[in-house]
Every structure is written in structure tokens, then in C-alpha cells.
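Take a look at the structures listed below.
You will see chain A twice below: alongside chain B first, and alongside chain C after that.
On to the complex of A and B.
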């Protein structure tokens, strides 16, 4: 299996998933194209650009600066500000909390160092309380290890670990933008899962990682941070289900035609040399499940959208429209049924009748 | 989304151009609306960057914050915006009409009201946040601001609140107004891009809607309509210009930032006025004026509230206030949906499709039918309609009709494609029905179970009697220095 996935990717190291990418997987669990590309560790961003459909994602330097400044503010002086917030939020009874910056060791040691620190904390039990800054966790996804970097893991007296997620979007009068909170919760759920896996691996009770994550955001229009507990149980359930599916990526791969590869054949500088048409052809061999939501989540979105448009699929119009068409998946097919140019196939009688009536009413009302 | 709209979207895909989903315009368009296109700095909760605002398409006013992280410059922006917006809003206070009421004293209502047009929902949300960050400020005390700033804040809050109310047109998000009248061949998500939406509806010559919409997605050709800016623009153009201003805050540096932002705002400014023209070209629905009257009434009351020196809107509603607000929104939604169906056969068609309405031809009528004897004898004309619509009605259902105001009927019998009704309202006071009050054989009629009857507001306790289950009576708002001092960094 591993060999087959390496073959699909070509002779480059597999692309690691970060928490955001893993969370995005859960957004469209039915997409075989994404599942296969991710399992094989293909660089989707580069692939999309090479085939002429770069994703419209960019980040403003202002947003990046602001995010960094805010994170630094929360973490400065050994997370002093964070301690104040958590004391109120979780009722931390102690004044002093240890601070461990995992980044102090070399990058190749960070993961094992995190592991050792967490193990010790879990063993020492009730007396220890510490913040772990820049920890490096790992998660096995489809037989491949991804390394994840939560902002902070806080360890609380009482033996429970909390994931702390620092975000720079504002909470104004107790309310934040729901989409941003949802995205942060999905991302934090990945960390919870990874930390639970680590505890289980060390022989501790994974449930010691709380499903309540601490979201730290600026309050109102100022830079002052405020902390809120967010329950991510639902996100965890979705994520687990999705990751289980990914381990079954095997038979998706088995069904692919032999010899197919997404290898970009990069030259010494990493520039792809394989003809774009060939790569696009290979991509089309794996069915996608495009939905307009992909436009904010997946690097391949513009390629898949173009495919849905060229193929005349109703997917391009969004799930709301598809739901109204009762399983008729082609634009031309639905229109032919509506206009009476085609006879309904078996099982389509009901939707055909509805579409014909809709067509008649529309024509009649437009005069 | 209804099956009819889904079908319209399919046709838009095939024809490469947007399809009408209404036959009339359902929103009010003021003779002199104010267009407001705000931009904000990425990553910040609320850092105004620039705005293009005004009532004259040829002479927009450009407001710019050369260093968006500077608090004083932000308040200067707010004061400048107030300079444009407040005279426009207050100008409508001058001419009023006296409205007589059946019960209660007559009251005054402004003859016209302001209308602020913003590109999209995010711009309306931005307006609300800008209102929130300015309405508690004070002209005196520790951190004084220009006296117009808190007043601006209250108005912006008011407009943003109204924009969430179905059928209200005091502040309209243009993408929502256009999407309510046209179906495009792309998803609702993509319709939130104003340039793409207008591209579908009114593509340039020699280009179909699809192509125009695709072109509109290129931020270099069509900068985003805001409030978020294009990250590429931020990194390559705005960033260096702001840094230059920081190093030397000269008039030239300000002009450089302004020039950069002008390039981002101007295309959207022109699009907004084109969209106004597109909407204006549609004939207005007959119930639009009535809804605008409600808007004018609301606007007049808010003017009075400010004149009386009432406090700024609370940060959050109390329990009673929140329940009342939700109930009012629900009523507005229900009423708006019904009114649109009554105004527009294409909207009514959606209800015909689901069996809540039908159109057909009168096959027989008995205009003199009565019920009861003696004093309780009532005129109840019978009408039988034949229809091909899949009406789902049961005897006793109460129906209204868009053909006749004040007309009501009750279903007596449904027999295959023939529906017999008895007319119960709208026949005049005489012994026989007023001429034209009862449909005649051969006439084409539409009936529906939708009715826009007056709904009384929800019965809620006074705020000071909020039950303990809902937190008890809320604390009274007393403005304090902390509000005025709130950081804005």
C-alpha cells in the first residue's frame, strides 16, 4: 500500500498535513480525489497551480502581523497573561505554573521532548501544573505521520490537559463570527485527538485531555485577550469518523487504473516538468465531489469547479439546488425533464413531474 | 431554495445569463440613495481603512485612514464620515406628514427617509461594528471625540439593525437585493461577489454571464467589494504605502495611500450605481410603498428618540428586548413573504408548486347564495374554479386572493380538479355583492392559504418584570466613563 501511494506521489517527500488541512478533510468526507491526494501526501497547492487552476487563497501581511503580535502578547513572560485568564476560567487554584518551551530543543527532538514532558506530567499527577509552549504532536493519518503544532498545551492541576488555541479574531460583547469559531474548533479538535493518541500510546488515560478547549481571542476592539471554553465533542466525532474513512483509502487506491500517478516530475529547482495535460488527466481519473464550500477549504477547488462546470454537473450550483433536484445530477438532464424533451428514467417520475410543473408555472408567470 | 429558483439557476447555466425570479421589484429604491463602500484592514477586529461614500455617482467622497492602526486617525475617519452621513440623514427630518389613526392621536411621519446602500452583508456587519465602537464615546471627559462621532455611532447601529429586518430598505446590501431578483448560474456562495453577480445579470457586450463572472473573480481586474481587501494588494501595494507614511507622514505619503485605495474602491463604486440602475429598471411591486412607509415610521421614531436624548443602544439586548426583537423579525419575515407572493405571480408560483395556492378558471358561480335564516342570514356567494395546479386544500381552509384586496373565501369542496369556494369577505355592505366582488365564470383567479393578516406583537412582560428564569430585571444602562474610554487599538 505504502509503495502504491509513493508511486502516486512521485519521487518527492510526502507533504505533511497541518491541523487546518486535517480539519478541512472533515468538511467534505465524500471526496475521493482529496482523500487519495492527501493519503499520498501530494502537494495539492503546487499541483493545482501546475494544471492552471491556482486556489484563490492568500494571506495579507497585516493579518499575519496582527496574529503574531497577539500570540506574542498572550505568551509573553512565560504565558503570564494566559495564566491569569486560565485561573479565572478553569479555577486554577495555584499562583505558580511551570512554563516549558519545547522549542528550546532542536527541531528534530521536539516531538520526543514533548512526549517525555507530557509523560512526566501525566505521571506526576495532581501536583504539577505547567504550560507547554510550541509542543509538537503527531497523528497517524492513512498510514502516514503528520506533525502538529498546537499553540499551547496547558496542564491543569487536577490531572486534566487542555488545548489552548490562540486566535486573533475579536470577541465583541461576548460574540464572535460563527464561521471563525467553527474553524478554530475544528482545528483544536485535531490537537485534542493527537494529544489523546499520545497519552494512550504512553499508557495513560486519553480522556485526561479535556474536550473543552480554551479559545483565546482579543476582546472587543482592544488587544486585551479573553478566554472562552469551547466544547469540541461534535468536531471530534466528525473527525474520528473521517479519519477512519481515510484508513480505508486502500480500496479507493486499488480501484485506480494501474500506472496512474500525480508525479509532477520536478526538476532540480522543484519546478514541475511533466506536461500539465497529463497531470490533469490523472487527476480526472479520481472522482471528486465538488461543492461550492470547497472554494474556501481545498487547494484543488478551482480545478474541480471547472470540471463540474464543463461536465454540466449540478454540483456547481451548491447543495441547496441539488437537494431540490431529487438526485438528477446533470444540468442538461434536469432541464430536459423539466421541458419535456426527455422521458424520465425509472425512479425519476416524481421529480420529472415536479420539474415539468415548475417549468410550466415559470413560463406562465413570466407571460 | 425553491424548486422554481433551482430551475431558474439551471436555465442560467445553459443560457449563460442570469434569469429573473420575480416579475416586479420587491425593494424600495430611494430617489437619492447614499452609497457607502467601506474597506477595513485585514486581521483587525475593526480598523477602518477607507470608504467611498456619497449620493452623486460622479462625485464620491473618498475617506482614507493612512495608518489604520492609529486610534486618532480612526476617530478622525469617523468624524469625517459623520460629516457626510449626518447631514444626509437629518435632511429628511424637515418634511413630515400627519398620519391619522383609528385609535390614538395622529402623529408625524417623515415624507422621505434615507436609504444607505452597501455592497454586501459583510459591509452591513462592518457598519454595525463601526456603530458599536463609536456610539458610547463622549465629547467631554477623559477621551473626548468630536460630538458627531457618538451620534454617527447610534445611526450606524440603527441602520445595521434595520438591514437585518426582512422587507426593510433603510440599509440594503446590494448582493442580497440583486439575488432576490435574479438567479445566476453559480452557487449562492459565489453570488456574494458583487462583481460576479452583476456580471451574470448584465455582462459587458460580447461576453456571456459565465465569462463575465469568471473575469470578475480576478482581483486585479475587479478588486473585492470589501470590506476585506485583496491580500495581494495588501502585500504589494498597501503595505509599502502605509510604511512610507509611517516613516514620513507627509501630504504626499497620504496621497499615495489614498491613491492606492481609490483603485480598490472605484470599480465597486461604479458597480453599485450600475446595480441601482438594474434594480430601478424593474417595475415596483404594489406593496413596496407600504413597507417603505413602515421604514419611514421607524426612521421618524428613531429621530425622535435621539432628539429626546435617549441613551445609545445597549451592547446586548436584555431577555425581553431580545424576545421582542426576534418576534418582530419573525413577523416581518412572514409578512414580507406573503406580500411578495401577492405582488408577484412568479413568487406565487412557488406556492402553487407546493399546493398552498392555485390558479384556475371560474367554471360556475352563484353570487346570491346565502347561509342562515332571518337576522343571521349571510351572503355567501359560491364559486367553482377548475385548476391544473396540484392544490392541497381541505374543506374549511381560509383563502385570500391577490386579485381582490380584502377578499376572503373558504374551501367548501374539492372534487378532482374542481374546487368550490364560498366568498366570506370583501363584498361590500349591501344585500347583494358589490359589482366585481364575486369572480364570474370564465375569469382567471388565484387563491392561496397565505394571508397577511395583522399579527399582534408577542405578549411579553415589561423589562423590569423579567422573570428570574431569564436573569431577572436587567440592570439599567448608565453611561459611564469606561464606555467612553474603551480601547480601540
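On to the complex of A and C.
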């Protein structure tokens, strides 16, 4: 199995997943293309660019700087701001102010130091440090270890560990953009999972990691941070199922035709030399499930969208529309039904009626 | 102003006419007049602007300024806080970027000629005796003050808030920047400030001291332990600047 995945990837080291990538996995659990590419550790960004469909995202430098500045503000002076927020939000006792900067040991020791500190905290209970800054967690994904860096702090109150996620999007009048909150929750769920795995590995009860994560954002139009609790149980369940699926990616790979590979044959500088058409051909052999949400999560989104458009599949219209159009095979057929050019087959009467109604409304309002 | 501008426009028209009529001496005198008017206009515009409060050119070198701020705070502090204190009370000429090589330069100076200077800006040591990231301390402080236990960041924050408040209370006319600094700090101390109103130094000191009481004993014990360990195991230079090598770290940690 390992060998087969190495073959799919070609002679380059596998891409490690970061928390964002792992969270994105949970966003579209039904996509075989993404599952196979991720399991094999293929560099999706480079692949997408090589086949001529570069992903339109990536964070702007300004957003990154803004995020870092806000994070530094929350954490400065021994997490003074964070302490105030947690005292207000969770009733953290005054005596609990311990702070450990895991980064002080140097990068090569951070993971083992995190382990040692969390182990000590779990053993000794409340007396140990409350905050762990810059911890480094690990998660086994499809046979390889990914290192995760909660930009954030795991702290414990009442014997339970919490993940704190610091994000720089604003909460205005108690409301934040739902998409951004959802993305933050997915990302925090990855950290919860990794911390639980660590505790289980050390022989402690993994349930001591709370499923409530603390989301810290700027409030209204100022830079003053505000904290809210976000329940990530649902994200955790999706993530666990998805990771489980990744370890069982074998049957997906077995169904692939023999000899298929996503190898880009990079030269000494890492520039791909394999013809783009060949790579695209290989990619098309693995079925994808494109949905508009992919645009915010997956490097391959533009490639898959183009494919969905060419194929006239209803997937490109979003899950809701796709489900409503159940039984209609594609966009062309849906249009034919709407215009009355095609007779509805058995079982299509209801949707055909709806489509005709929609068509008539459109004609009336435009004509 | 308006009158000046009208006069300038008139003069320009007259200059043009004079040049056209080839009356050179008249044109020359008109040009002189025009220049005078323009000069006056420049001055009038400049007077309307508020003179920018120019920070006095600092006479002290960077390390002296940092030392001044640290002496006020009395505890290890991050560059950001040092700059804020410098801005609030002193020369306002310190910038974060000036800190990049400060600690390294101090260490080099100490290594080549130990104890030649009256003080060195050194590192605060973590409980593993490595230098704490981004914290500066002064070599003349007691060893317990230059090491950190898990509670020390909070204790140091509260102590520095008390010191800032005390300094502020001593000034007859507290600068507004200093009040803002204290308010920002006090907002994170329970009972020290109300909402966004400027913090009162006396209240802030009382509140910070109350929380300090909770942590003081435990923190002092932890710090004494780390300081004793550093004293036993590290040579002079590493006692000030932290144990850098992995071997020393391992040895010191056990």
C-alpha cells in the first residue's frame, strides 16, 4: 500500500499536512480525488498550477501581518489580555496564571517538551502551569506524522485542557462571519483531536480535552480582544470519520487503473517537466466531487470546477441545488426540462414542474 | 492669505505684460516683488500648520535608554514594553528595530572583557536555564529577578504595572502617553480600572498588589530554586546570557 502511494506521488518527499489542510479535508468528505492526493502526500498546489488551474487563494501578506500583530497583542506580557478574557469567560481562578513558553527550548525539542509539559500538567492537576505558548502537537495521518502548531495556547482549568484559537476577523455586535467561524472551528477541532491523541498516548483520559474551544477575536472596530466558546463536537465527528477514511484509502487506490501516477517529474530546480496534459489525464481518472465550497478550501478547485462545467454536472451548483435536482443527470437535461424541450421521464414530473415554473417566472421578470 | 494670493496673481500678469512689452528693468523689479510675495505666502502657510513636536535628539545611546526603562520597570521586560515605557516617560526615540542585535552585542562585549562595564543588558533565564525569548534584564539585578518560573510572567507584569503607576504618581503633570500605558495595563488587572476610563494610579497599585499577594510566595520559591540551580551549574557568562548548548541544557535540567 505504502509503495503504491509512493508511486502515485513520484520521487519527491510527501507533503506534510498542516491544520488548515486537515480541516479542509473535513469540508468535503465525499471527494475521492482529494482523499487519494492527500493520502499520497501530493503537492496539490504545484500540481494545480502545472495543469494550468492555479488556485485563487492564499493569504495576503497584509492579512498575515494583521493576524500576527493581533496574536502578539493577545499574548503579550504573559498572556495578560487572554487571562482577563478567560477569567471573565470561564471563571479562571486568580491563582492560576502559570505560563510556559514551549518555544524556549528550540525547535527540534519542542514536540518532546510539549509532551513532557502536558504529561506533567495532566498528572499534577491544577498546580501546574495554566498556559502553554507555542506548543507543537502531532497527528498521524495516513501513515505519516504531521506536526501541528496551534498558533495558540492550550490551557487547563478545573483539570480540563482547552484549545485557544486566536483569529483576527472582527466580531461586530456579537456577530462574526459564519464562514470564518466555521473555518476556525474546523481548524481548532484538528488541534483538539491532536491533543486528545497525545493524552491517550500518555495514558491519560483523552476526554480531559474540552470540546469547547475558546475563540479570541477583535471586538467591533477596535483592537480589543473578546473571547467566545465554540462547541466543535460536530467538526470533531466529521474529522474523525474523514481521517478514518483516509487510513482506509486502500480500496480507492485499488480501483485506480494500474500505472497511473501524479508524478510531475520535477527537474533539479523543482520545475515540473511532465507534460501537463498527461498529469491532467491522470487526475481525471480519479473521480472528484466538486462543490462551490471547494473554492475556499482546496488547491485543486479550479481544475475540478472546469471539469464539472464541461461535464455539465449539477454538482457545480452547490449541494442544495444538486440534491433538489436529484434524478436529473446534468445541467443540459435540467434546462431542456425547464424549457419544455424534453418530456419528463418517470419520476421526474415533480422536478420538471418546478423547473418550468422557475423558467416561466424568469421569462416574465426578464421579458 | 487670500489677499496675498490675489496680489501674486496680479504680479504674475504684470510680469507677463512687462516681458511682452520688452520693459526689462520693470520686469526685473516686478519679479523681485513677486518672489518676496511668494516667500511671504510660504511663511503664512507654514504658520498655520502646528509645529510638529519634535522628539529631542537622544543624547543617550540605545543601551542606556533601554537600561533607563528597565530600571523603571524593575523586572525583565519585552522590547515592546520597553519601547512603550520609553515613549511614555523618556526620550521617545527608541524603536523596536534597535533591539535586534542588542543582546548579542552585550554578550560579545562581556565575553571579550568580562565585567568591564558597570552593567550589561542580559537575558532572563527560563527554568531550563536557556535564555527566555525576547526578554531583557539587567546584569546587576539579583539572580532571582533574572530567572523565570511558570508564574513569573504574571508576577512581572503586575510588578511592572505597580512601578509604572508609582512613577506616574510622582510626576506633577503625568504625560498623557504614560496614563494611556497604565490604563492599558490596568485593564488586564482585576479591579484596577473601570471600562475605558483613564486608570487611577492609586487604585491600580492597590489592585495589582492584591493579585501579587496571591502569587508571590509560590513564585519566589520557584525563582529561588531556578536561580540556585543556575548559580551552581553555569559559568558567569551563561548565568547572564543563558545556556545555549544542548549539553548544558540537558545537564542543567536534570
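Convention: the second predicted complex is superposed on the first by the 324 of 367 C-alpha atoms of A that agree within 3 Å, B and C clash if a C-alpha of one lies under 4 Å from a C-alpha of the other, contacts with A are read in each partner's own complex, and residues count from 1 in each chain.
The definition used in the following text is that a residue touches a chain if its C-beta (ideal position, glycine included) is under 8 Å from a C-beta of that chain, and two chains touch if they have at least 3 such contacts.
As the structure is a computational prediction, the values presented were derived from the model and not from experiment.
Set against each other, chain B and chain C touch different numbers of residues in chain A, with B touching more. Within the superposed three-chain model, A:112 lies out of touch with both chain B and chain C [touch as defined at top]. Contacts of A:104 after superposition on the shared chain: chain C is touched, whereas chain B is not. Of the two partner chains placed by the overlay, only chain B lies in contact with A:64; chain C stays clear of it.
Once the two complexes are overlaid on the shared chain, A:173 sits against chain B while remaining clear of chain C.
By the touch criterion defined above, A:145 lies against neither chain B nor chain C after alignment on the C-alpha atoms of chain A. Residue contacts after overlaying the shared chain place A:76 against chain C, while chain B stays out of touching range.
Note for the complex: chain B touches chain A at residues 1-11, 13-14, 20, 23, 41-46, 129, 132-133, 185-190, 210, 217, 229-232, 234-235, 238-239, 315-316, 345-346, 348-349, 352-353, 359, 389-390, 486-489. Those residues of chain C lying in contact with chain A across their complex are 78, 80-81, 126, 128, 130-133, 150-154, 156-157, 160, 185, 187-188, 190, 211, 214-215, 246, 249. Residues of chain A touching chain C in their complex: 72, 76-81, 83-84, 87, 94-95, 97-101, 103-106, 128-129. Interface residues of chain A, counted against chain B in their complex, comprise 56, 58-67, 168-170, 172-174, 218, 220-224, 292-293, 295, 309, 312, 314, 316-318, 320-321, 323-325, 331-332, 334-335, 338, 354-355, 357-359, 361-362, 364-367.
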